[in-house]
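Each of the next two complexes has chain A plus one other chain: chain B in the first, chain C in the second.
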Partner chain A sequence: MTLEKLKKHFPWITLLTLVVFVGALDSNFLRPENLLQLAGDISTLFVMALGITFVIYLGGIDLSAQSVANMTTVLATLMLPIFGASTAVICVLIGALFGFVSGFVSTKLKVPSFIATLAVGGIALSVGQFASGQRALYMDAVLRDQSFSWLTGNIGGIPREMIIALVLLVGALILERRTTIGRAFKAIGAGELAAVASGLRVGRYKMAAFAISGAFAATAGLLFAVKLSGGSPEMANGFLLPAIVAVLVGGTPLTGGVGGVLNTLIGALIVAVIRTSMLYLEIPATAQQIFFGVVLIAAIAFTIDRGKVRTVK
Partner chain B sequence: MFELKKVEKTFPNVRALKAIDFHIERGEIVGLVGENGAGKSTLMKVIYGAYQHDGGEVLINGKPVRFENPRQAMDKGVGMVFQEQSLIGNLTVMENIFLGFERQFVKFGIVDWKKMAAAARHQLAKVKLSIDPKMVTSKLSFAQRQLVELAKVLTLEERVHGDLVILLDEPTSVLAKEEVQLLFKLVRELRSRASFIFVSHRLDEVLELSDRVYVMKDGEVVDHVKTSVATAESIQHKMVGRDINKEYYREEKQLSYDPAKVLVELDAISLPGKYQDISLTLHAGEVLTLVGTEGSGREAIIRTIFGMQKPQSGSVTVKGRKITTYSADAAVANGIGYIPRERKIEGIVAGMSVYENLTLSQMGRYSRFGFLRIGDEKALAREWIKKLSVKASSEYADCGNLSGGNQQKVVLAKWRSGGSDIILLDHPTRGLDIGAKEDVYEMVRAMSADGVGVILIADTLEEAIGLSHTIAVIKDGEIQKRFDGKPGHKPSLFDLIHYMI
Partner chain C sequence: MSFPDRDVLHRWAPLLVLVALVCFFSLVNPNFMSLRNFARIGISATPPLMVAVGVTFIIIMGSIDLSMEGAVAVCAVVFAAIFIWLGGTLASWAWLALPACIVVGALYGLLNGLVHVKLRIPSFMASLSMGFVGIGLSLLMTGGDRIRVEDKIFRSLLTERYLGFPLMVHVALLVILIAWFIQSRTAIGRNFYAVGGGEELAHASGLDVKRVRVLGFMLAGVFYALGALFAVAQIGIAETATGYNFMFVSITSVVVGGTALWGGNGGVWNTLVGVLIVNVINNGMIVMGLPRYLQDGVLGLLVILAVVLSTDRKSLAFVK
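So, the complex of A and B:
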């Protein structure tokens, strides 16, 4: 088996190796309730990573996801007393709008997606800061339970968050594998020029991918706000790096075209196991980003398709 | 002096070079000819260090060498004059000449420009070019830039001990006749300084300039002759490996087209810098070929019809409807299919299966409410795999792993299965082996018989003549001459070339 063929299987081999390794470190780790907790804790981050997957899948990057999620926690908290349960829909639409703007800037104004999303992320962050008045806001417990009880608690011992994340995964998977949009994403990621020459409206599909990513980021923010019963423009800080790491170590390279949302599930689990192992190894939480930064570089270097990258500037 | 012994180069799925034996002596000019895809470029890349051979030996004066990159080859005296010129437009001539080798002019970290200018003048004198070395390169003519490129390679003379081998890759392709003669005179004079490997598809020029000729076909050296005893016909025969006859281009299957049914009408379209005042008509069942040199504007015309470029004036009418929006998706909706020259980049999507590629241009037809009907897609793929005898393991096969000819079949099937009746073929046989080429010719005839209009940019002039009903010769963006290509009344190569250059 060649390295190329092995690459495809690398993500789940990594996951398995890590689980065995951490299990050997502390046998408590392998207890079902611990594993369930671990998966539950990663749900919000996973939802964000799911959205980013679509953008990376077609060869772009979304750096605005964390800021959009931050903004959403604030907006959701502020809107809850006014709109009740519809807050969820409005939040997701606002997220999609921010994503769409990133997509528009990157496809129509030809600004590379990393800088377009960085700028739009800056706007989102500032909207969050302005709207919150730089304070942490709290949801009214009664209102929250009235509108969002379906987002909290457990069903049969499984956290609802996790169930929602899985439902979103299934939706994303259908979108990726069964719809014309998903097929177009794949074509654009694997061979954009051929997609153009086949008459695909590449610009529109790209904008759609950014909008989807924005919607997922907003969903992640909403889940977060409900879970912590409040909002702050800093609530989701520290999510971006692990979310991108989840996509990349899952096997969707920065150059796009291969991988997909199922890979991101594995990637997110890898991130979860790494996080837990750091607890066992007594690495302070503040130092975790150092590690994720290093993993990110390694993951990009290993997965990137250099044939598609002519020059790097 | 410089020698290759049983040199091999293999890429995934392709044995690009098969046991190549090659040698060149001091002061010799050796020609290298072969059709597109015969392995000339690969061989050159091995010689100047861009590729590493994976079998056999490269020897200089009997000693085995291995070049990891072009710079190492240069250090041993092997230099390349690029066809697509490698000079950087916004640098001065002297900066280009000494690019990467500025250290010799540096004192205390500062470049001594006067010294560099003097050295550059010395190099330019070798190629008899009297221009100011401080000139910005982009202001030079094409021929002048080519000479600068040659001068750049000749700096090796001062840097390297031992003999020089200089590769000239299609150096004459865009030169005027007098410029070609000047270049040849210069190369002959430079024999005292270097040996030359001259790569060209213009056989007459190769015969005129070289002492010996290597003929390549399918990655092998199939012949090796002294030009004093060779004839163009015998070499051509070896290059193609067979007589080119009427059968080859399926002339007996050329039916007359339907002059009453107009598919595409270009009315005096112009796009400054690309083409001017182009008027053409494509009928059902017609093969209309655009003939011209590289950069004559043929490709821009085809891309305009496909909506990827917008003419500044004039109009494009497709099936009686004037085009207002220029976009590829509008063209596809009008039944236009484009088979681009860059098959692997614009034709197929590598990494996607045959069926995914087939429906890429027609996903609307194979989906309901945005959900793909994958079963139908696969059935379509199986049908066309059979119809065009595509050599693919199944409809799931990754198009990126198919051979060039089979990739071309998939691209063709994509448009044909979608019912496109205007097909734009840009170098459809480029890089294909003979059998695959014949398949393409067969498909062109089949399309004509079905009433499809084809606009073709052919890979060779013979192909253009053999396949077309109508030929438009284009030079500098303007139509020079139109020829009728009825079987038995086809124009000759000479007729065409006369208007091309």
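So, the complex of A and C:
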């Protein structure tokens, strides 16, 4: 088997190896309750990573996801007493709007996506700080349970958060595999110039991908706000790095075109297992960031398609 | 309007914007136009100016560096730790912490450049990852605590004033002159423009592009270290948060100053104007009584506007 063929299978082999490794360190790790909790804890992060996957698949990047999620925790907390359960819909729409603006700026105004999303992230951060008055806000427990009881607690031992994440995964998977939009994404990811030449309206699809990413980021923020029963403009800080790591470790390279949302599931689980193993090995939380930074570099170097980037700038 | 006019306008646009902003804020609030307020702007502009000048060299090459938050945090913390350990005053061996800080900055930049060039990873992602590593590293070193640097001699950078401006502003101007010298009077400075103007052409004419890139990142690291020193002198504290917001502010400044993201043009003076624009806006917003947190949003809009305005010209040239 050549390296190229092996690359495709690398993510799940990594996951399996890690699980076996950590299981050997501590057999408690492999207990179903523990694995379930592990998967539950990663749900919010996974939802954000799902959205980012679409943007990276097209060869772009979304650095605004964390700020959009931060903003959403604040907006969701503020809107809950006014709009009740429809807060969720409004939040997702606002997230999609921010994503759309990123997409518009990067495709129509031709600003590189990392700068465009950084700038839009700055705007989202301002909105979050402005709306919250730079304070941490708390949700009213009764109101929260009235509107969002379907987001908290367990069904048959499975955390509801995780079920939501799985439903979103299935939705994203259908979008990716069974719709025109998904096929267009595939065409653009495989070769943008060819897609343009064959008459595809590439700009529109790219904007759609950014909007999807924004909507998922907002969903992640909403889940987080409900889980912690409140919001603050700093609540989701620390999400961006592991979310991007999840996408890349899962096997969607920075240059896009291969991989997809299922890969991100594997990537997110890898992140979860690494985090847990660090707890077992008693590595301080601060060192995690160093480690994930290095993992990110390694993952990019290993997966990037060098045929697509002629000069590496 | 004929073409040369547009070019000339483009060149001077950032400076015109700066002058217009100063006029605007002076009209809104007469207190804006005072030596004391200008000194305040000078103080707040000094650390970001150093960082922005550093990243200018990289943007001239057509690359980008997003690692400054981590780099500044690491440099600040290492400086403060060594400084305190060796006696805590510049009048002792603790002065060695200054060169040590610069060396750490250079090494950080070197590593950044090597990851980018040797592993052939796009610079925005290589440096973003390295920035995360740096933030983690500084957290690990401090354990989340603050290190106080209260030495009077070191803090004189802020407290000692000449001609109304603190010492740090004068030192920063000197550094700008050095940066300008590197940019326009040395081989490496010209090589940055050659790489940014057309990498393949530069390569074909015998330039070791990889080496230039790595050196560029290393040079930027030195300027980040200077930025860290000024930031510590300014508030007397070194911590992980010392690096906070430097990425956004410095890149906005460079772009607003008129250095294009795809490289090959602009330079140190543009960045000086860009940093002043950003800091005049921040200061003006405070003078006008607007809340501080609007800053990020305004900067976000500003950076989009600046990139769009400079892109327009390029695509025009392309169409013709």
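Simple rule for what comes next: the second predicted complex is superposed on the first by the 313 of 313 C-alpha atoms of A that agree within 3 Å, B and C clash if a C-alpha of one lies under 4 Å from a C-alpha of the other, contacts with A are read in each partner's own complex, and residues count from 1 in each chain.
Keep in mind that, in the parts below, a residue touches a chain if its C-beta (ideal position, glycine included) is under 8 Å from a C-beta of that chain, and two chains touch if they have at least 3 such contacts.
As the structure is a prediction and not an experimental result, all values here were calculated from the model.
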item	value
Partner chain in contact with A:199 - chain B first, chain C second, else both or neither	first
Contacts of A:180 with chain B and chain C, given as first, second, both or neither	first
First (chain B), second (chain C), both or neither touched by A:141	neither
Partner touching more residues of chain A, whether chain B or chain C	C
Partner chain(s) touched by A:191 [first = chain B, second = chain C, both, neither]	first
Which superposed partner A:82 touches (first chain B, second chain C, both, neither)	neither
Those residues of chain A which chain B touches in one complex and chain C touches in the other	none
Touching residues on chain A, where the partner in the complex is chain B	178-181, 183-184, 186-187, 190-191, 193-201, 257-258
Touching residues (chain side chain C, partner chain A) in the complex	62-64, 66, 115-117, 119-126, 128-133, 135-137, 139-140, 143-144, 199-200, 247-248, 251, 255, 261, 263, 291, 293-301, 303-304, 307-308, 311, 315
Residue numbers on chain B that touch chain A, as the complex places them	306, 308, 327-329, 331-333, 338, 340, 342, 345-352, 356, 359-361, 363-364, 367, 370-372, 374, 414
Interface residues, chain A side, partner chain C - complex	61, 63, 105, 109-112, 114-116, 118-123, 125-127, 129-130, 134, 241, 254, 284, 286-294, 296-297, 300-301, 304, 306, 309, 311-313
